[in-house]
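The same chain A turns up in both complexes below, where it pairs with chain B and then with chain C.
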Partner chain A sequence: MKRTATNLFFLALPLLLGVIVVAILIVLVVPPNTTLGDVLQAFWNGAFRNLRRFSGVLVFWIPLTLVGIGLVITFRAGLWNIGVEGQMTLGGLFAAGLAFMLGEGSPLVIIPLCIFGAMLGGALWASVAAFLKVRFGVSEIFSGVALNAIANQITLQLIAGPWKPGDSDKAQYSRPVPDAARLLGVSQDFNVSVVGLVVTIVAVVLVLLVLARTRWGLNLKAVGKNPRSALLLGVPTTITAFSALMVCGALAGIAGSQRILFTYGDVRGQFAGGIGFLGLLVVLLISARGVWVPLIAFLFAIMLNGGTQLQFLNLDSSLTGVLQGALVLAVLLANGLRDRLRKPKQAKG
Partner chain B sequence: MNIELRQIHKRFGSVHANNDISVTFAAGRIVGILGENGAGKSTLMKILSGYQPADSGEILIGGQRVDYSGPQAAIAHGIGMLQQDPLDVGAFSVLENFTYGQPGGLTFNRRDAEWRLNQLCQRFGFDLPANTPVEMLSIAQRQQLEIVRLLALGVRVLILDEPTTGISADQKQQLFNVLRALAQEMQAIILLVSHKLEDVIALCDEVIVLRAGQLVGAQQMPATTSELVSLMFGGQLPPQARIQSHLGDVVLRLENAHLSDRRLAMRDVNFQVRAGEVVGLAGLDGSGQRPFMRACAGLDKLLSGRVMVKDEAMTGRPYRDFLAHKVVFGAAGRLEEGLIAGLTLTDHIALATTPGWAVDWAEAERYTNARIEQYHVRGRATDNIEQLSGGNQQRVLMALLPEDPVALVLEQPTRGLDVESARWIWQQLLARRDKGSAIIFSSAELEELVTYSDRILVFYAGQIYEVPDVTRTSVDELGHLIGGAFMQAT
Partner chain C sequence: MTRKGLLFILLALLVGLVAVIPAAAQDEFVFGMILVGARNDQGWNQAHYEGGEYVIEKLAEAGVTARMIVFENLNPVVNPQATVQDVAASMADEGAQLIFTTSDEFEPATLEAAAQLPDVTFIHTSGSAALETTPADLFPDLFEATERVAPPANYGNLMGEMEHGKAIAGCAAALSTKTGSIGYLGPLINAETRRFVSAAYLGARYCYEKYAGGDPAALKFEVIWIGFWIPTPDTLDPQQVTNTFFDNGADVVISGIDPQDALIVAGQRREQGDDVFAIPYDYEGACDTAPDACLGIPYFHWGPKYLEIAQAVLGDGYVQDWEWTSPDWSDINNPDTTAVGWRNGPALSEGAATNLQAFIDEMIAYQTDPANEGSFFLWEGPLNYQDGTVLAAEGEKVDPLKVWFLPLLLEGIVGDSTLE
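And now, the complex of A and B:
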């Protein structure tokens, strides 16, 4: 009994510390006549005041969860897939490109095609990083940063060129995606795409099952912990690393398509909106334990949506970003602290 | 300055690794610490050198009780440990590694450090070029570097864990001379943890013996091997009989192979091994055994030539294909190459045995428990592999081998194991040989090579020489060959 209690304590310690740090931060920055309670109230209002606000949370939750669960795969394989933002972007672009190409038609055909195209685009972009990694030993971190920048450039070129709305040369957005490819909300108030919701939930369940129950999931873990030993144990290490990046890219691609086909309805600069990077934070926060992705992504979505309410307290909404960063840092610190406190299990010799 | 340990206790879970150990080490003495694997030798030495704390008990230096919180503090008290695998940083230079642990702030005086390094090297006759990256050094040199580093930090008690593994007879002599000099001139205490009784007999003034965590004996030297063995195991081991097994067809072949690694190139290597045959590879570290073995298992690509498994051309195929043909490679470093820290025993078994895409965890766990029983592994299916002792890790590696391999290619399969564990490993290997597996193994133990090999290949600077009649060869002759004697003869 005592052991379970200690384990629980050690499990909760990082989160507890994270919350305390965030609370202190808030108290430090709020104006004199507002309280911690006011800020929490603002977050709550931003997320749950009514159905419309709540659907805002979900709209954000969908791509963040997709990216997060994809990143769990690459983290498992010991890869830091910084390029996930670019993979989202390429996914979105492929979806948009297909939508423009196919024009009007039955959504039942066009939407699945677009989502499939998005997976392909994300996976292709990830495979560039994967190829550089396994063939030339280029760190996926560096190639990822470069590929993110290139993905942005491609977006801007497409908006300024083939996809520009009219004759204008200085467009901020592309022309709108054809209606047949648009994902629609359930209702005016509950403006959330059912397709997006279902795809996300299915993806989470599938990834969790695959990680826990398949040889591939076990291979990922082996490669992530020790590729040299994994090779000797019969794991195809190159294919495993390659496929981990591709699958993550495909999931990020779907996330990107949500931004185009649902959120914006057109292509615009930086449409991935940093969700890929946020996904990295989510996965860092939970040390790549997949089951927690939906919950933590939900918390992040609440914080982001609630952040929009902070202006009424004379606070800048970018405070949200600061809080999220502080939370992750605090939790990582506490993780390290926990590992030092907990007596290390040592081999006897 | 004497060192006294009083009533040291240390538990790992249910294992009482050190049970009420009290012992005094006198200045100027060289003491052998003996015991089989898991007897608690390493644990005791780690406690003394600050790598882990004791559960209870005290350490007295010169009659003063000391408490220290880590290796750094132990070194400040003059106690330093030379690990079995030197703890240096490969990419950095000799000089940089030498300065680790030195007091001082952000700046460091390169010239001064180099001068001190050279002083120490001259005194002991070491050849350690200051600017060479450590990864270019031999094991013996890395050991020497660690010794001078610890001495420069003012260490007066030097603990050595299996220091003669992987170094030549000459290098061993040199090391022993240095240790004797340290004991005599500086009144240093030398503690030698070793399985090699001939080393202990050659070097030590006295020995202490641990068994199952307890101090069971102490003996002034000289003593004979059989006296020491009976102290360690409470009985004598019968000599191993040599049984020739029936040889079958050729199962693995290198044809005109051109191999290379960073240091040497080997051309026109021709080799074949038959089912049921044991081929021992002798030679100092880095003489070419490693590229040879890696080529046999398809881990390194040949620059030219062919590898054949039975009658199938395997040249250029990945290791996984070799594994599918039941050609299995076992590396020397267990946790570096072979096992995966952070994965449980069940994970390992599942990795090695799952044929399809789905993992049946219930089945894997049943299978793991069966293997734990069969191979007498002290550990549970849910334990992470790094929680097991070295000997038990080796047993798990054995359990991961297929029952009927075509060929086993094993780097130093008994490295760091005591006599009994090593025998157990060989029982397992020979059982597979009797069922028709070919075994290719390298070893730093000449005795082991002579005892178990049907054929012995001696490697020297990339040259391979086959010992003509293994049944007539001796440890002495092999020792000469390893030093390159066959090069002059031919």
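And now, the complex of A and C:
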């Protein structure tokens, strides 16, 4: 009984600390004529007021989960795939490019092709970082930052050039993606792509199975824990690291295609929207334990969508980002605290 | 067991949240304001925000309680989870009957939102979907002809004739430059920004010759585009671009972006002893950022038109329109009647101010002369595009819609006309 209570305490500690820090921040910034209840209500309204609000949560959950589960793979291999944002971008661009190329036709053919193209685009972009890593020893962090910037510039050039809207020269977005490639929502109220949901759930299940049940999953773990020892034990470390980045890139590519084929319906600058970086936060928060990705991504999606409504209370728009950052820091701090408190006991045991 | 317990606690918290939801007020007029940047940017977004505050104030005087709900920074960098359609739907849930979407790139999404929410009136500023003329009608050689899709009836466009304000800004720059070199800090390239740069150039060229006694051919007027209305990780750094202008000999920078980076840099450079100036954009109070470096401000007053539209929504209903509103030529700074105005900045010299007023008087005389109806001051031939082709022959007045959809910069301006 006592042990159960202790476990519950340690499990809840990061969350509790996070909630306390967030609550303190809200109390500090709430305008005089606004109550804490108003803030909570706004959060609730933003995420759960009706089916449409909830579908907004799911729409954001899809790419965030795909990116998060992909990053679990690279983290498992000990790689910091900062370039995931660029991989999302290239995935989206490949999907859009195929959509423009194929034009109108059967969605049953075009949509799978676009999603496959997105996987290819993301994987290829990741392979650049992977190649630089395994061939020249360039840190995937530095190459990732550079590749993200290049991906954004490619986007802008495509919008301004071959993909610009035909009847004008808007520099902010491309012409719309053909209808045959558009992922459609279930209804106007429940505006969520079933294809996106299914692909995401399948991707999560597959990744979890592969990590837990296959030699490749074991190799990733070995490379992540100690690449030198893994090499000595006969693990193909180069191929493992390379493939980890490419699989993550492929998943990020699907996430990018969701942003183009569903969320926006066209290509625009920064369409990946920092979801790749947010995915890194999600994975950091759960110490790369894949099974938690869907839940934590869901909580992040709630927080962001709920935060949308905070602005209606005249609260600063950056508050959601601050709350998110504070929550992650608080949880990481609590995790560290928990480990420190537990260590002496384990040593004794 | 422990995880179940935790989930139970979370569920209890959520149920608790539902319990605190109070009833919404029923007797107020709610309108939404969607901004691409920050409401306090001292620029484009603040001008719109204060236009909304004007509506609240004026409706209150008429006995109507109004509430504005604002969503700022709607762009993929700051709010990747939000789209115009989502935010508009949230605003409608809050009771909004009228929503202003205030950035050029919001137009396609606003059209979708208007179709999804037929009971809400949508006003998109700076767009042209409600205009029946398309670029291909005016420039068939440059634009593909596409079938025009009529926007939903609850959708309209609004813009102010900032071309006049930009011409005044160009004149103020020409009257103040000692190096004969003016920089223009451009946002992204489209018809709107091209016509503003061109209008500023026309004002500069005219005043440089007529009032400053310079050779207009010797006046250097360069635009550098940063890539978006506000700085993002994709764009050039506007402060760095402004410094580049000053380092390369320009002593006045005219801003075309939403925030006031050009003026901030000019203020810093003046503190270091450089004799440089800037002309911010959009917001009447923008000079406050760095008064000593500010030559003046061409600004929008969105309030009066916003009020008119709100009153229409409250009354018989809004009737779809594409409005391009001129300044009140009887008083371009009347806060209750003008859409566009100009205020001299503290850094404008007395002599320059005198000449600038003469220029403004010329402009007013031209625009109020019935013979010039349907044309803009200074937009008269001979005028060539940057590539040397003719926009208007000698004495020909440029159709304002050709100004609206201006496909290239004018001859004499250094900088890109398109991104290609």
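By definition in this document, the second predicted complex is superposed on the first by the 331 of 349 C-alpha atoms of A that agree within 3 Å, B and C clash if a C-alpha of one lies under 4 Å from a C-alpha of the other, contacts with A are read in each partner's own complex, and residues count from 1 in each chain.
Rule of thumb we're sticking to: a residue touches a chain if its C-beta (ideal position, glycine included) is under 8 Å from a C-beta of that chain, and two chains touch if they have at least 3 such contacts.
Since the structure is predicted, the reported quantities are computational estimates derived from the model, not experimental observations.
Partners chain B and chain C, brought together by superposition on chain A, fit side by side with no clash. Contacts of A:Val235 after superposition: chain B is touched, whereas chain C is not reached. Judged by the touch definition given at the top, the superposed model places A:Arg340 against neither chain B nor chain C.
When both complexes are overlaid on chain A, the residue A:Gly56 reaches chain C alone and has no touch with chain B. Touch criterion met: A:Trp44 reaches chain C, while chain B stays clear of it. Ranking chain B and chain C by residues of chain A touched puts C first.
Residue contacts after overlaying the shared chain place A:Arg213 against chain B, while chain C stays out of touching range. In the superposition on chain A, contact is made by A:Lys225 with chain B only, not with chain C.
With chain A fitted onto itself, chain B and chain C come no nearer than 22 Å, counting C-alpha atoms only.
The residues of chain C lying in touch with chain A in their complex are 1-3, 5-6, 9, 14, 17-18, 20-22, 38, 69-73, 75-83, 86-87, 89-91, 93-94, 104-105, 108, 116, 134-136, 143-146, 188-191, 227-228, 232-234, 407, 418-420.
Looking at the complex, you find that chain B touches chain A at residues 12, 15, 17, 38, 40-43, 46, 52, 299, 318-320, 323, 329-331, 335-343, 347-348, 350-352, 354, 356-359, 361, 384, 386-390, 400. Residues 4, 7-8, 11-12, 15, 37, 40-41, 43-46, 49-50, 52-53, 56, 60, 149, 152-153, 156-157, 160-161, 166-173, 176, 188, 263-264, 266, 268-275, 278, 301, 304-305, 308-309, 311-312, 314, 317-318, 321 of chain A are the ones that touch chain C when the two sit in their complex. Across the interface of their complex, chain B is touched by residues 213-219, 221-222, 225-226, 228-236, 345-349 of chain A.
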